[in-house]
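Heads up, there are several structures right after this.
The two complexes that follow have subunit A in common; it is paired with subunit B in the first and with subunit C in the second.
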Partner chain A sequence: MAMAAPLVLHLLLALLLGLGGQSRAEPERDSLREELVLTPLPSGDVSATFQFRTRWDSELQREGGTNHHFLRYAVLPREVVCTENLTPWKKLLPCSSKAGLSVLLKAERLFHTSYHSQAVHIRPVCRDAHCVSVSWELRQTLTVVFDAYTTGQGKKDWSLFRMFSRTITEACPLASQSYVYVDISRNGQENESLEVSPPPTSTYQAVILGDRKTYAVYDLLNLATFSGSRSLNLQLKWRQLQDIGSQLVPFLHAQRYVSGYGLQKGELSTVLHNTHPYRAFPVLLLETVPWYLRLYVHTLAITTKGKENKPSYIHYQPAQDRLRPHLLEMLIQLPANSVTKVSIQFERALLKWTEYTPDPNHGFYVSPSVLSALVPNLVGAKPANWEESPLFSTMFPTSDSSSYFVRLYTEPLLVNLPTPDFSMPYNVICLTCTVVAVCYGSFYNLLTRTFHLEEPKRSRLVRWLANIIRRIRGVPPV
Partner chain B sequence: MAEGRMLGERARVERPRLERGDRERNQALPALILDPEKIRGKHAALCFATMAVMLGLPLWWKTTETYRAALPYSQISELDSLLLRLRVPVSVVFVQGSLPIVDQQKLPFTIVNERDIPLKCKMRLKSRFQQAYRMAGSSEENALKKDTVQEAEAALPLPKEDSLGSLNIFVIPEKSSLLPQDKMSYIGPKRTAFVRGAHGRQALTVIGQKILQVAQAMSLTEEVLASALGDRLPEDKLNLDKRRPLKSSLGYEITFSLLNPDPKSHEVHWDIEGAVENYVQPFMSLLSAIGNFSMDSQVLYYAMLGVTPRFDAATSSYTLAAHSLPHVINPVEARLGSRAASLYPVINFLLYVPERAHSPLYIQDKDGARVTTNAFHSPRWGGIMVYNVDPSAYNTTRYPVKVNVDMVPVMEVFLSQMRLLFGVPHPQMPENFLLGSPPSEGLRYWELDRLVWARAVENLATVITTLTSLAELLDKIGNIVIKDDVASEVYRAMDAFQEAALELSAGNLEVAFRASREAVTSSEKAFFDPSLLHLLYFPDDQKFAIYIPLFLPMAVPIFLSMIKIIVENQKARKDMEKVD
Partner chain C sequence: MGLLLDSHRRRALARLLLRLNTPLCVVSYLAGVFWFLGLAFSPLTQNTYISENAMGSTMVEEQFEGGEHALNFARDFTAQRRKTGSLPVAWLERTMRSVGLEVYSQSFSRTLPFPDETHERYMVSGTNVYGILRAPRAASTESLVLVVPSSPETLNAQAVGLLLSLAAYFRSQIYWAKDIIFLVTEHDLLGTEAWLEAYHDVNITGMQSSALQGRAGAIQAAVALELNSDVVTSLDVAVEGLNGQLPNLDLLNLFHAFCQKEALLCTLQGKLQHSDWASLGGSLHGLQTLMLMVLRQASGRPHGPHGLFLRYHVEAITLRGINSFRQYKYDMTAVGKTLEGMFRKLNNLLERLHQSYFFYLLPSLSRFVSIGLYMPAIGFLLFIPGLKALELWVKLNKADFGPEEQLGPNHSLVQPFGQDARGVALTPLVAPVLISQATGLALYLLPVMGQHVAAQHFPVAEAEAVVLTLLAIYVAGLALPHSTHRVVSSTPRGPDSGWMALKLVALLYLAIQLGCISLFNFSLGFLLAVTMVPAAALTQPSGPRFLYAVLLVLVSPGATLLGSLFLWRELQEAPLTLAEGWQLFLSALAQGVLDHHLYGALLFPLLSLGLYPCWLLFWNVLFWK
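And now, the complex of A and B:
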């Protein structure tokens, strides 16, 4: 998954209302599929994606179509991820963490990684072609990127045991499918640079993210996988070091930043990159901005290659203070091999002093913008039967053979709001009290005291000093 | 404030005296003519003092006051020593021949039998059985000519008064064949009972005592209220083991969980939907009088008990000893995970299918004997039942073994556990009582009545504790803001409480129970209102630290000039005396 910010720890709970239209085959009742996809990255890191899909029939039925008034979109821009996020997530797995691939989910290893992404998707799935009844599908995914290069003393080789400090001994007994996939694609190189052991029982080829990939497949339900030893400890050795420059850049990626100075105004910018050499494609950009950033919609500017790029569709819902955020949705055409910048200016609002978060000087998080696009393929893919193909390929469903669907989340932003001095009310009370007291004091003195002239009685010393001064001035002494 | 007022009075008193003094001095001592400027200064100082005291202080007091709506404190403090009368309307119907003719002529009349129920606290409870005696009507007579008591009961016309909490007792002739010869009375599944009549001069008193016995068996007893008021009764009355029902609440959540720790060898199926529909739903529909119920079910794999069972070589089975049962629940509970989603108390029912390596598994009681139901329950938490897989199923090479749970024995156990958890144990009757089998719902109507009585009293006791502690708290901490809506909730709780108490003494159980629930809701809402906490963290010393820059410079000149005026006055008086 081409994530623009691999370091952002991001937990997303997406409740997808809407039917998964691609499933046509009759699914089994109460089925579980689990799989682990290991992708060695050219940098020497290893990305591991766990996917668990539980499907069950329920009497909980959808009523008619989805009423769009009940559609809700919510986002928590940032949450510090810790094992507390993993424990309830693991509880949802039928085998908990006792058997199958979930044995590898050891919190102390998973949270010492350079990237961590955890998701729960729940959606209704048609049980038959006419969609009379639906099943529910719970899909849990977890992606981590292990920094194998630095933790492995400069070696890029890795094994399951080195990454998770566990090995796989069995499949979850409840699972109907349990696979481990290892990406052994050659990335355009002539000779094989990777060696996987034990040797895979079979290989699988697919077009993922517009690129042809080869996977070594290990079927955990097949006893031959464990032949020889009781556990499966996948190992991968590099025969020759690949040069990092050959890393494939995704066709669509994006960045987001906030610019401007001072505490009054600022600008939100989203930069969209289309690196496809010859195809343009449209992107749906969704931004939710909290109400305390007051957007100036007239400053919305979309520029590609120095020229204005008019979006073919804009939907804007203005914010209401303390009630709802701004919602801005646009369909933008990205020309081939181009960079498009979407920027909008905003003004920072003043909050009530009780509305500030406990650490207001840290800043306020602004949720990432969401990009949805059908990205064209370079290579033609045949339409697959989604029920039978591996789970990870359904993460990037293709609408037809020429494109695949991608949803990207940019990084969340941190925006500083003008923060008051929170001791100010007390200071104001104290200051006003003092000023009032001072005025009152002089007033009181004026009104209650009597003033009359009095001959000053001077001491001898004073008279002596005065006479000296008078003599200097040439005035007769007192 | 008190100081300020004193100051004000002194200032007002002193002014005329001062003037009088001046006049005297002016007449008596022309030599000591005072400067008019000085007198003006004095007047000005006095003016300042009066203004500060009369206007400034009240203004400051009023504007910085915390808002406290008036609460019925005296009424709340009276709640503690309240006398609650619980009236049970009993209609007693005499069938022809059950009473000597002499006594028949006294009918109809009403007897009230009142008894104190001892309690540890100040609150007093009195049960009143109000027995209305009358002769049977013709339709009732006809019905009671049937052969068996059950038939007779079914044939009886619907009584006029069949509300929650009321009882109908029929007195049948002493030699009647409706009841078996050795039984004195029969208690039906609804609110009806039959009692044999008596002969002789004291017939009415004898019958009266019998009726009271039956009525108490069917309705309010000390035991019932003991279970409700748990901690309020003297300790010796408390039967510690059995009487800890669930606390009264507006709703309950019931979770049925199937625990399959060994999915490799067992593939367990249970028809929980059907079982709930057939067995639990009817029971719940009756119990819905005391709250809302919601039910859900789940299957949990790899959920282990926290205890390793002991192998018993003699029977080649595994046993869980009674003393290890408390350790069973905690590890399992971590997996259940429904508690977070609900506001209501959760009741768990677990069906545990032991792993193949540990089966068959039996639960032992304290004496080491096997528990016949192979189940146990934990008060206020729920129940666990162990379901052993038929050993003959293992004679196969294909694993996992398919296990279809027979839901009838399981639901039987769960339902009887549910009765215990809700505080309606299976009734125990004296030997000469015949107990009718429960209706299809699984709960006799009068058992439900008992439960509602108990819950109503428990609710009222909860309201009393909540309101008294709230009043105490508000009384103790003067900084707490009492908003109008909090106050109105308190008043609403008081009103509902009084209504409930009134209806209880009038015998309208249903209305009383509803009112008591309202009272609980309102009182809890008032007690847990977040606005009570808003100003709690502004202690007095900090507030005054902020006011000092105002108060100190203002008060010091006033005090100093006051002292100066007094001292001068005294000096002038002394001077005057000297001159005299």
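And now, the complex of A and C:
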């Protein structure tokens, strides 16, 4: 895993209406496509990505242009994906988990992985050139990374059975396409280091994430795939183990952290890396920061290689207490082979004591920043046909031959706010009331009275007592 | 309030105060001292208990079996260390990567303000290596740290071996919810400070270091490990951190729980727990341990790498493997199991450790004294300067409170201060206070700033120059009263009012300082109060002045430090000879100054800018003309 992408349950309702506007063949209706992509990683881990796409017609009429007032973005940085999210997700699949690739989705195995990401994308797609009527497209993806150390017990040879403790027996009967792809590209190695069995019937070449890749393809609708046995148990064997030190670093990656110490001030820092050897590219950085971190916008500093990097576009919407978070959007140019640091200072606000979460000492989450960029390719790619190409290749769509679109989420942050001791309010109330009660009377007296000196008038009893004491002391009585 | 408003009763109260002042002071002092000594005894100590729910139940079976593995790593590490001559960064990176960690390194360099003779270093540069175990399917928001300091003097090879072995074992487990950072630092505390500053992206001590490439969210807790032998007889735990900060008591309780579970011998301040707590011997043993803790806490030094984590609100302790001549030994597996247990419990934490005490004193591992019970001791002591100041105030306004009722009935009560012989005249005090403060400032700045000049003109090394300048300025301060008098014009008021006013100011200054210090470092506050308060209360320019002078010199901050060193070694049952003591004193001075510059320890500025000038004021009172 070259970069630990954050594991956030993001609910994205992306209304990408523009895409359907291009003249294209009429999309299929009421169709299902399913895909599994296996990518062996140089470290010996293996990543598996499931993609399911369902389409159906709707009576929704498309109006011209997207109204940006209806665009919403929401994050629950605290939520980590778990089994609870998997079950309803599986229920959305036409074959549920009864047949096809979804048979492999066994919760027990999926949550033994080192990385887990689950997504639901829904969008309307134009049915004709004028986009009078639309279809709905539901795309579900699930990516897991099986780890050679914990799941593999140190062995780096994988099979479907080892990963999912199931094998594939058939395609989903409702699916119009059902494929398994295995990444067998050589990664700059001279000889083929990976052996896949059974041998694939065909291969597929594409430019994915700016790199030329070769995939072994297994068509599950083709009975020849299951020839010999009734089930398909793909096996991946490393012929020669690669040096685990040489990790592939993506062109664009980012880190985020809170700096400083103490409970008053702090700094949010986002570090953006552009590792492309010779191409600069712009990045759109979107930060939403909860209102209880009061941002000092004048401290916003963007530095690249020790110099100030002026963003070409800034949109800032200040927070409103208890209503709205800060929204900061910037377009930053990342020079080739550079590290850019975006930092902004904040002050931690004091919450009302009923506003704290039940576990206030855990800290408060700050949602990840979102990076959107068109990352240049190293190799030229011809624009693929959106409808015909495999689903996974459209996950990072190429707008033209030279770049691909990528959206990254940095890690969420945990920030401690000044937290009262919650057993204290009662004590404080009691103490304050006592102090006020005692002091108020005295101060009121002091401030409102006038003082005169007066001869002491002692009562007879007091004088009598005083005289007794004086007699004992040997002093003449009063 | 009403009492004070009534002039007659007020007069009676003032008279009572004057008459009973001395006995009250004596009683208060004795009460303070005996309260403190009583802290180790039964009613004032409580048994420790784990307050944090998340760490309370769910005792699991520890399954770490990598003791032999750890020793192999340790042997390799020693061999590589010998080959490279410094921390074998490449080997560590390779090994950490081979056990499946995400590995990063960080280089740092620091030029010390003056050469450190104890550790023989001046221009330090080194590399920290750390590997991060990413918790599966988590978002890297929280982490735990296991840190092993390695320096040329103490290699800690076995600790590094155990760290690697634990990393390999932890990597194959799936229950981690927090990332775990395995950190090996070079040049012990300097490396730790460099790493911590880089992790939190701050620069507070002028350290030059490269930025960190990998982070793992907010650090929840840290354990530092020091092991230098293949087997251990006991584990010693250090809690005292920078400026006397302490980790949450729950972390210590956790360690204690696993000591008991694994049947390990665990010590505090190098002292085993007495078998019978209730007996007198047990309590006295506890008192000894408590005194050791007070002395160590008062020093304000980080007693292990954990001490530096506390500034960043990361609870941390240091575990040291001790190998003595005791028969029964524990191997690496037992130590590893203890650490495994602790990390698994810390992994369960839902919130930062906050349930238990942050302010406590420990007479043994299983008993503690909470802040509510030890604060009265310092309260009694600080009562004395208050009483004395009140007495002086009354005396300075004595016309109101004549010996007997001689006042006429129409004598006005309310008179503005500073009229004729009554009230406090502040102008004559400006000069002594300013001069004392200036001396303190010189004591703080000159030794380090003037080291090169001193080294050029005298045949001493820089480090010696610093210490000697420190002592010279300190002693030169004693001659101040003679020079201040030239500045001070003669006072037109009563013969005593001058020194009384100065003493009044000095007493209040002392009380405020000690009060503030004792709030964040009780031990330091108490140690200074128990010595300075009686001398400060007694000082006056009449009576047995020579005796007062000797007493005052004996309780000056420097002398207290020297005395504390002797007491410390006495309690450790390794008494010092005078010559050794002096040597130790000199090195402690140098270390104190270094700690301030390297880690931001506050003891040196506190003493030189706060308490030393205050003490000089009393010295001025004593030699008032």
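The rule is short, and it goes like this: the second predicted complex is superposed on the first by the 396 of 478 C-alpha atoms of A that agree within 3 Å, B and C clash if a C-alpha of one lies under 4 Å from a C-alpha of the other, contacts with A are read in each partner's own complex, and residues count from 1 in each chain.
Keep this in mind: a contact is a pair of C-beta atoms (placed from the backbone, for glycine too) under 8 Å apart; a residue touches a chain by one contact, two chains touch by 3 or more.
Since we're looking at a predicted model, the values are computed, not measured.
Colleague: Tell me the contact category for A:Val249 with respect to subunit B and subunit C: first, second, both or neither.
Modeller: So A:Val249 meets neither subunit B nor subunit C here.
Colleague: Look at A:Ile472 in the shared chain and tell me whether it touches subunit B only, subunit C only, both, or neither; answer first, second, both or neither.
Modeller: In the superposition, A:Ile472 contacts neither subunit B nor subunit C.
Colleague: By the touch definition at the top of the document, which applies to A:Thr150: first (subunit B), second (subunit C), both, or neither?
Modeller: Once the two structures are laid over each other on A, A:Thr150 reaches subunit C alone.
Colleague: Subunit A residues in contact: does subunit B have more, or subunit C?
Modeller: C
Colleague: Name the contact category of A:Ser96: first (subunit B only), second (subunit C only), both, or neither.
Modeller: It touches subunit B, and subunit C stays clear.
Colleague: Output check: A:Leu223 vs subunit B and subunit C. Expected answer is one of first, second, both, neither. What do you get?
Modeller: A:Leu223 sits against neither subunit B nor subunit C.
Colleague: For A:Pro412 in the superposed arrangement: first (subunit B), second (subunit C), both or neither?
Modeller: In the superposition, A:Pro412 contacts subunit C only.
Colleague: One more residue to check, A:Tyr444. First (subunit B), second (subunit C), both or neither?
Modeller: After superposition on chain A, A:Tyr444 lies in contact with subunit B alone.
Colleague: Is A:Pro173 contacted by the first partner subunit B, the second partner subunit C, both or neither?
Modeller: First partner only.
Colleague: Please write out, lowest number first, the residues of subunit A touched by both subunit B and subunit C across the two complexes.
Modeller: 441, 445
Colleague: Going by the contact rule at the top, pick out the subunit B residues touching subunit A in the complex.
Modeller: Against subunit A, subunit B makes touches at 35, 37-38, 40-42, 44-45, 48, 263-264, 301-303, 335, 337, 400, 546-547, 549-550, 552-554, 557-558, 561.
Colleague: What part of subunit A is in contact with subunit C in the complex they form?
Modeller: 1, 4, 6-8, 77, 80-81, 111-116, 147-150, 153-154, 244-245, 255, 257-263, 267, 269, 359-363, 365, 411-416, 419, 441-442, 445-446, 451, 453, 455-456
Colleague: If you look only at subunit C, which of its residues touch subunit A in the complex?
Modeller: Contact set of subunit C toward subunit A: 1-2, 5, 7-8, 94, 97-98, 100, 134, 136-142, 171-174, 200-202, 214-215, 217-218, 311-313, 350-352, 354, 409-411, 413.
Colleague: Within the complex, which stretch of subunit A touches subunit B?
Modeller: 88, 91, 94-96, 98-99, 173-174, 426, 429-430, 433-434, 436-438, 440-441, 444-445, 447-450, 452
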